[in-house]
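Labels for the chains are A, B and C, by order of writing; each one numbers its residues from 1.
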């Protein structure tokens, strides 16, 4: 039973503290979403969980074991895979080279053909463009490649930082469908999103991060209904005016 | 990188230091003026000459590197041009030495302006290696054009007196150091420092980066040229291409960094240290001094970017803190 | 008009170009992956040359065969250098990293050069094998065995490196790290270890270059700066990130130098390269083959 937990972590960039005692828990099989305004610390929290930004106080626990001292590449071996903000593909490499690099971790490397099959079945467009340079793909295709690349690592928990950034709504909708599908196959998902509505409709649970602190948490549907969220993130004035259309 | 040379403590001590500083400087300089009057020993005068020469080279390099932030690895070329021009005018054209001396500095400066107009189009590390390449090209060219050893005419050798050479080098060192001391007190230095910190931002404020870099370069090269002229005055014979050799750049770089880049005292401390260590070790262990300097240089870059000057300030501050604590406690 | 001396010159330019190429490739690798500018590269070539020389002098092993000893030795030295020295610039931002690694490696050059003087004196050394004077002669043009073998060895090493970088996991990890080290670490790549390996491969290549130099040219403690400059010129000509391009640019430089002696005379041959270097820097900083 997977459990990833950040326990009261403080993370700083140099002298500037970005997270003030943030706590978060993700359980096996869940889709958890992290919403909040720009600069709230969502990316910092994701990076801390992924091992790129170690906390100076607090702990990160994987299945009860402290892992905050480990570095990113070691966490990948333990099944924690982050798709960073902006995707960060290897533009000079081809699609299949990017995918293969995703399976660099020793455990994943033995399963490259099977993993490739799985990724191609989820994203047929990647199979079509296997030899194409990653830098020349469209935004949506790049996001698919980023997810595919992360799947090659056989993640137990897949983390995504702002996957909808710069993408058209229909593409985002497709991506989210894929995430639902992956989750159904057993991968736990944690995502940080600006697009609160779609993310809250996808997720089981949600956390709101504001100014480096967790201000609320709860089931996604509940968070979706709260006044504060509707006003701040969904652009609505009254709960009665809620629903698919915006005022 | 700029160690301000000013200590952050309060009260009387600071005031005392401020009043005492000119006196301290005077006390340090006065003996140097009198040395030749009290000794005829060639080795002492020669040693001090080298100290003054190397300090001057380091100070001149520091103007462009420490204050303007441009690491110029072609500094030797200015030294060489100065030596060439001075020597040529003085021995071949019978120009009075001091005139030839200043013209040598000017020649180096004019050369540097052309050099700078080409190389300042490069940034950062490309500027460093570009200047190195150009200086090497100069050296090879000069080695081909002037392959023969350059020697003073007989009568001049007969009249050779070490004392004026001592005073020339001392005067140069004081001149350069005074200029470096004055520099932060001028308006143009603000622009130069701004360019060093962030060229784009400076430009956005209306500071012309190229102009300011050229001003720093002009000063730097002028003094390097004068140093070359001093060398030409001092040595009876030498190979012209030697004055273009990269060792002149590298020794200046070493001395400045080890002493403390971007400070007034840095090149003085560094140059003195450099010559002292070199001369002490030259007798016992040849070339070990280079290994020592190389290691010190690495340590400075990694651990103590402000060089010995920064080291001194840290020790000084620590001592003050300990003293004030015992006074209170 | 007698073309024979011209062609002979070009042939020699080709051979020396191969050496320039392998020297540049080694420098380019370390810089491309970690943005560490190691101006002591030439001194590492010098060390490789001395290793080759002493192995030949003490054990009589042919320098080309001895490469199997020289390369691993320099590889190990590269690991030590990185762990002991260049590792400390890793934490800095790119611009500071380049500047500081340039300065540190400058200090390193001084140390290596003078340690070499202390250990082996400043005398020039060369490896003279039994077949040193022999070679093929085709249409009146001489192809000395040592030079031909050097070019072949250099080419093999460069192509082997290219294959390594493009066809193996470890090699692709190096490429990924040079593109985006954070993203690489998110793939499970141990970025620190990759830096060390890439740097050590660079020093191993310097060692091989040194072995080749010891056979065809001279080894002395002071050759470091010359070879570093040569390698820098070629790297800038080729542009960063292109291994094959660096090798090609090396050969081009060798040929250009050979031709230039008819234009400016043999004495200014080096100047040609340096001036060309500055021109390329000014006009096309990304080099002839570079991206960016």
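One rule holds in what follows: a residue touches a chain if its C-beta (ideal position, glycine included) is under 8 Å from a C-beta of that chain, and two chains touch if they have at least 3 such contacts.
Please read these numbers as outputs of a predicted model, since none were measured by experiment.
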Hey, which chain is the most central one here, using CA centres?
C
With chain centres defined as mean CA positions, report which chain is farthest from subunit A.
B
Among the chains in this structure, which pair is joined by the largest number of C-beta pairs in contact?
B-C
In angstrom, rounded to a whole number, how far apart do the mean CA points of subunit A and subunit C lie?
44
Between subunit A and subunit B, tell me the centre distance in angstrom, where each centre is the average of that chain's C-alpha atoms.
56
Cα-centroid distance, subunit B relative to subunit C, in whole angstrom:
33
Would you mind writing out the residues of subunit C in touch with subunit B in their complex?
37, 85, 88, 95, 98-100, 102-104, 106-111, 113-115, 117-118, 225, 229, 232-233, 236, 267-268, 270-271, 274-275, 277-278, 281-282, 285
Which residues, counting only subunit A, touch subunit C once they are in their complex?
50-52, 71-73, 76-77, 81-84, 88-93, 97, 100-102, 104-106, 108-109, 149, 153
Contact set on subunit C toward subunit A in their complex
169, 172-173, 175-176, 179-180, 182-191, 241, 291
Hey, which residues of subunit B end up touching subunit C in the complex?
71, 118-119, 121-122, 124-126, 128-130, 132-134, 136-137, 140-141, 144, 246, 250, 253, 257, 287-288, 290-291, 293-298, 301-302
